[in-house]
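Just so it is clear, A, B, C, D and E label the chains in written order, and each chain counts residues from 1 on its own.
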Amino acid sequence: MSLLEIDGLSKTFGGLQALRDVSISVDEGEILGVIGANGAGKTTLFNCITGAFPPSAGRVHLDGKDITGARMHVLAQHGLVRTFQLMRPFGTMTALENVTIAVQSRGVRPERKARDEAMEVLLRTGLEGWAGNVSGSLPTAVQKRLELARALAMRPRVLLLDEVLAGLVPAERAPVLELLAELRKNDGVTMVFIEHIMAAVRQLSDRVVMMDQGAVLAEGDVDEVLADPRVISAYLGKEYGDAA
Amino acid sequence: AVTGGGSGGGDVEEIVIGALHPLSGANAVDGQQMSYAAQMAVDEVNDAGGIACLDGATLKLEAADTKGEPETGQSEATRLIQEGAAALVGSFQSGTSANIAAVAERNGVPFVMDVSALDSILQQDYTYSFRIQPSGGMMGERGATFLDEIVKEAGAEVDTIGYLYEQGNYGASVYEAFAAEAAELGMNVTPAISYDPASSDLSTQVQQALAEGADVLAVSGYYRDGLLISQAISSIAPDLQAVFGVANGGYDQQQFTVDAPNGGEGYLNANYQIDVTNERSMAVADAFEEGFGEPMRTSAALTYDAVSVIAEGLEQGCSADTVELRDAIAATEYEPIVVNDGPVKFDKTGQNENATVSVVQVQGGKILTVYPTDVAEADFVFPAPVK
Amino acid sequence: MLLEVENIRSGYHGLEILHEITLHVDPGEIVAVVGANGAGKSTLLKTIVGETKQFGGAVRYQDKTISFGGSHQVARQGLMLVPEHRALFGTLTVEENLQMGSWARREREGFTEQEIMELFPILDERRAQYAETMSGGQQQMLAIARALMGAPKLLLLDEPSTGLSPKLTWDVFHAVKAIRERGVSVLIVEQNARQVLDLADRAYVLESGSVALDGDAKELAADERVQAAYLGG
Amino acid sequence: MQALTTGFLTGGIYSLIAMGLTLVYGVLHIINFANGAMVALAMYITYAVVSGLGIHPYMALLITVPVMFIIGALLQTTLLNPIMRAPIHTQLLITIGVALGIENILLLVFGPNPLSVRLPGNQGIHFLGATVELSRIYAFIGALVLVAALWVLLRKTRIGTAIRSVAANPEGARLIGINVKRIYVLTFGLGAAAAGAAGTFVATFTTIEPTAGAVFNLTAFVVVVLGGMGNVPGALVGGLIVGLTEQLGGLILPGQSPLLAVFVVFLVVLFAKPQGIFGRAS
Amino acid sequence: MTTASIRRPEPPTATGAIIANRTNSSHRRWNWILLGLVAVAGISLPFILPAAELSVAMRVIIYALMGIGWNLMSGFGGMFSFGHAAYFGIGAYTTAFLLVDVGLSPWVGMLFGVIFAAGAAVGISYLALRYKLKGAYFALATFAFAEMLRLFVTGNKALNGSVGFTVPVIRGDTWGMFQFSAGSPIYFWIGTVFLIIALLITMFFLRSRAGRFTIAVRDDEMAAAAIGIPVLRHKLIVAGLSGGITALAGTLYLQFYMFIDPEIAFGHAASNNAIVTAVVGGVGTLWGPLVGAIIVAPLSDLATTALRNAPEWLSFLSGQSGLDVVIYAIILIVCVLVLPKGIVGTFLSRRRK
């Protein structure tokens, strides 16, 4: 039985059909990459899974339990945690406070203990030096990593990552990729990640789903999907095919 | 309690009277007139040699702006008392007066209300508050009586009275008293329509009030809404014998004859008024107009009377001590410049028991007192259909 | 020299982000600026157009000095920035966005509307669509097209490929080439160092608010320090 | 019938007054608490012009509209432009200050006596079983003309598109060469000019007092929200809804303020369509 | 080609975390010191101030309570309320009704007032949030609720309609009935206690987990939900606290002025005062509302007094009604233009540098 089961999910905004009958299942401990052109509905898929807004049709099961339309904070408490494509730090708080809050929301008391744990997460994500800085004016890359740190502080079982690498230069991507690999290995975290950077998709994912205009166009092994002519024409472009 | 004035002996040189009026805000027109009238009354006493029995002690007026807000009224009243006011006059808005009355009571300083119709202010068992003008209830009741008498004298027949009143407490209390009295006198008040004085159009309400074929339309409201009603009436052009204001704040203003359609010709209003048959009243009114540049409103005349009552109390009681002054005012009888059934005399709640109204009518662009006959300057016209 | 930046210092709320940066752009050039996140690339572009306050130094465009708050004036002189977050008029249609782009055009020669539509055919199809309902990639095209409508002499692009699919990234870089072929100079900031160094004539590497390296783009691409930090992975 | 007709015409007046409010909110995102006071100011200008020069009241539009435009532009330049980035409550506070200032300056200059402006030839006419004054019908037509004029300005002219651009994204507008502050000034000026036109029309059938505009503040807010904030034709429809609700509400709930019915409708609409009746979900 | 080495972005201060903790605890110490100062001032002021100024001092306290209430919901909770008159009015009216018509002590009335106002705040906010109202729409919805209450009370006979309530006068001091002789310093002392309680509530709230969560929700709702914080619950908690504190101001107002009517209680002037106080002092700061109240509450009196005792060459100005309000308005505008973040807000952001 798969851990996260998405079944026939659809979402319309006014006249726009952002998701059409999307069915995906993710096994425990698996890393699933999601690719697709801009506007394909990838972020919307995350939004519907995590209860940011209810899907128009379809069901989502986590661990066999129907979680369709459950509220985001409840899901987070059950270990279904996401990051945001556009960073959303608590801008008036320091980096440390941002993470401490996440630890506290798991019920960790007293504050000192929560702060110590948060500091560990910052160390792990290489953010320890920024702990005391107000998060709103941190550089984009740091905010990006803070986004990840905050999610990790929730000790997720399933982590939904929305373009965590976008905006990082290659040298900065490597440690993040390492961290994610390690998370799977040591903590057995299941991950679904949206990414436009193919190198990362190749390196990290066990399986890839390609979305186009709200629907799943291709699914399967990374190399298979990236070699699919439909994927090349809709997403990668022929130059990519040439270059590869 | 803090006492104002001096030590109550005869060695007082200057006695402070605090005047609290809305010098700004929506009712500043009246407030400014009233403040001026208070000064006039004070000047008159001083010019005549001050308070004789207190060795010619002079009066000093401290005017304060309530802005029409109860809390400002309260803090200004407190300040005036702290600065030694022996008595207060004021204040126009009932809410503000109620508040000042509480302050006066707690400080033991007499407070003479000029204008403020709300019946309940004097139903708190206060001992330091007095009121010159008739209460809302008194005005409604008298209004009905006088209307009935005018109709009878004119030999006309009025069965149905449509009634429009502003929904606030003033409109409602006047209307209720009027309706009760009218019922006794055998007139039908139906329908009675209340309205929001802040509305910008009242034609619907006017039409409703006329729905049962009213012979007379009675109106209790303020200036602005009164004017809107007159405009609606003139555009609907109903078949009315008369429009009869009951304690109406608009239909006895000179400005109304300028603003209203057709100069408001024929409009009647039963309200407290300056006594135009009294020479002293007219002298005061003339002096006022000369000094202030505008005709004296009745509200200002009431302030003049209120200050004069205090002066009278000082003279009678021979003391500026607030407690003694209170007793003196309670016992005073004073001939006012407004129409009154005899001298101003306070009952035990502090209400001027002789307070009454008279009926005015717009005739030839002038506002003339027409009833009761003994204070009238002209004959009433009835029926007086308006256009 | 079209644009000359001399020892510029700037930042936010009194905190200095850029330390004495000097660079220039000649007519007809594509100049790239690469650098890590937070290096101050966007700040540099914003400072050039006068959106962000200079603490010291000077920016000269066509030999005229640009000062803080002058962005609408410099746009009229043909210096246009397409910012990181595009700043489109979301509640206006594509057509209206383009129409507004020519606000500052004056008498300058430049792309005609028709030429722009040829460059970005998708926009022609979507003339009546509200800008905010376009997908990320389309919005990026529109933002560039809108700037081109103003007939710029120098176009500043801030990370035009961020968040775009590989295919759209190619499209955008093609467009940049086409723009240069029309004689418009381009100063482009990019994360995508490999592609941009391929495209550019010269490049600057920005680090912590200072220029760490500069020179010919191809040479920089071959530099091992650059390769390690920006081209690896 | 009377209620319907009156409601309709009153609604026109409300939308007339709300027009400037909605424009200013739409572009500047400022809740202009001083809108009512500006209407009052325009009424006094109308009065001064009519009684001073003896011209027809509607001719006063030629003066109130440009004068109010200038006043609005000055207010924006001096008071609001410096704080355009401040949070909404800070801007609100400035407009509260402006409202207090205008109302009390009027009191100082013109004194507290209510004034009025007479419209020559104004009379009641019968119309669909109801009686209405001509001046109100003219005001209604004025509202229609104003809506049409603003709509054409915003939708069909280059400067109008520029105004909408600034509303949509000030930074983007600046980057393509639009002088954003000047557009702000222009817009606030237009808002004030709309208040000016409203003031002149309303002056012909109501008494002129410093607080005469403020009594419309509440309803104007409601109208603006109903119509969708920043939506000019929406303000017209919102105005009509409020006018009708108020009149009919007065019939249904006698004794209660008719405004109560208006607020009930207001909340119902707000909850059903948070962006106003014509608001586009974003 | 220059030859500087290539580095990864480094934080400006490697010891950021330690600094953050230090400033935090020094903040806390300052808060206690200031609170002590408030207490000392509260006790001693009646002995220093002339009695006439005591009513101004009372107004400072009432404004401060309203500002603190508003600030909790709008400054820390991020929900811009334009209708705080509703809670102020509920506090005053509940007390007045229970006192005059039922004969209950104002202390009891106060308790009910606080409970009702908190309930109303929760209810109103729930409705507005449930339907996803934001920013100006949320503000106008709260405004509409306050107006509806005003109109409802105005038209309601059982609540004395537009007349309002007058507190029956009792001679002498009675703690039980919360009434003391006019000008008694006890009012001020009680007010000071209320003020300190409100400040303590704010302080402890901000320090508590719930408070931290609320700030997180204000900074970014979606992100807060994503890390498991129940957004709606925290918004409602802070709205309730806010309503309750504002109701305290209502009761205090009633007992001090001994009169309430619908316009005072529910009119938009009350909402405005709460906002003005907080904005002038500094929105989203602990001490902002109190500082704002100290400036704003006496302002109109100062303007009036200044005109009353105008110097010779300005004497033509005195007696001009409305002028004092104009001056008040000008001072207010200048205040906001010069310090858009408010007094405390500006002070804090200066110090941060």
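Basically, a residue touches a chain if its C-beta (ideal position, glycine included) is under 8 Å from a C-beta of that chain, and two chains touch if they have at least 3 such contacts.
In this text, all values refer to a predicted model and were calculated from it rather than measured experimentally.
Enquirer: If you average the Cα atoms per chain, which one ends up farthest from subunit E?
Expert: C
Enquirer: Compared with subunit A, which chain's mean CA position is the farthest off?
Expert: Measuring from the centre of subunit A, the most distant chain centre belongs to B.
Enquirer: Can you check how far apart subunit B and subunit C are, centre to centre, with Cα atoms defining each centre and the answer in Å?
Expert: 75
Enquirer: Go ahead and note the Å separation of the Cα centroids belonging to subunit A and subunit C.
Expert: So the centroids are 30 Å from each other.
Enquirer: As a quick test, compute the distance in whole Å between the mean CA positions of subunit C and subunit D.
Expert: Whole-Å distance between the two chain centres: 42.
Enquirer: For subunit B and subunit D, what's the span in angstrom between their mean Cα positions?
Expert: 36
Enquirer: Which positions in subunit C touch two or more other chains at once?
Expert: Within subunit C, the residues that touch at least two other chains are 36-38, 228-229.
Enquirer: Where in subunit E do residues touch two or more other chains at once?
Expert: 8-10, 154-155, 321-322, 325
Enquirer: Which parts of subunit B, given as residue numbers and ranges, touch two or more other chains?
Expert: In subunit B, residues 24, 28, 31-32, 167 touch at least two other chains, as defined above.
Enquirer: Which positions of subunit D touch subunit B when the two form their complex?
Expert: By the definition above, subunit D touches subunit B via 2-3, 6-7, 9-10, 13, 104, 107, 111-114, 116, 123-125, 130-133, 136, 202, 205-207, 209, 211, 215-216, 246-247, 250-251, 254-255, 257-259.
Enquirer: Enumerate the contact residues on subunit E facing subunit D in the complex.
Expert: 74, 80, 82, 127, 131-137, 139-141, 143-145, 147-148, 151-152, 154-155, 268, 272, 275-276, 278-280, 283, 320-323, 325-326, 328-330, 332-333, 336-337, 340
Enquirer: For the complex, give me every residue of subunit A touching subunit E.
Expert: 50, 52, 71-74, 76-77, 81-84, 88-97, 101-102, 104-106, 109, 111, 119, 128-133, 139, 141-142, 150-151, 153-154, 171-172
Enquirer: Which residues of subunit C touch subunit A in their complex?
Expert: Checking each residue of subunit C against subunit A gives 12, 34-38, 133-138, 159, 162-171, 191, 193, 228-233.
Enquirer: Which of the residues in subunit D come into contact with subunit E in the complex?
Expert: Residues 25, 29, 31, 79, 82-83, 86-90, 92-94, 96-98, 100-101, 103-105, 107-108, 112, 210, 218, 221-222, 225, 229, 255-257, 259-260, 263-264, 266-267, 270-271, 274-275.
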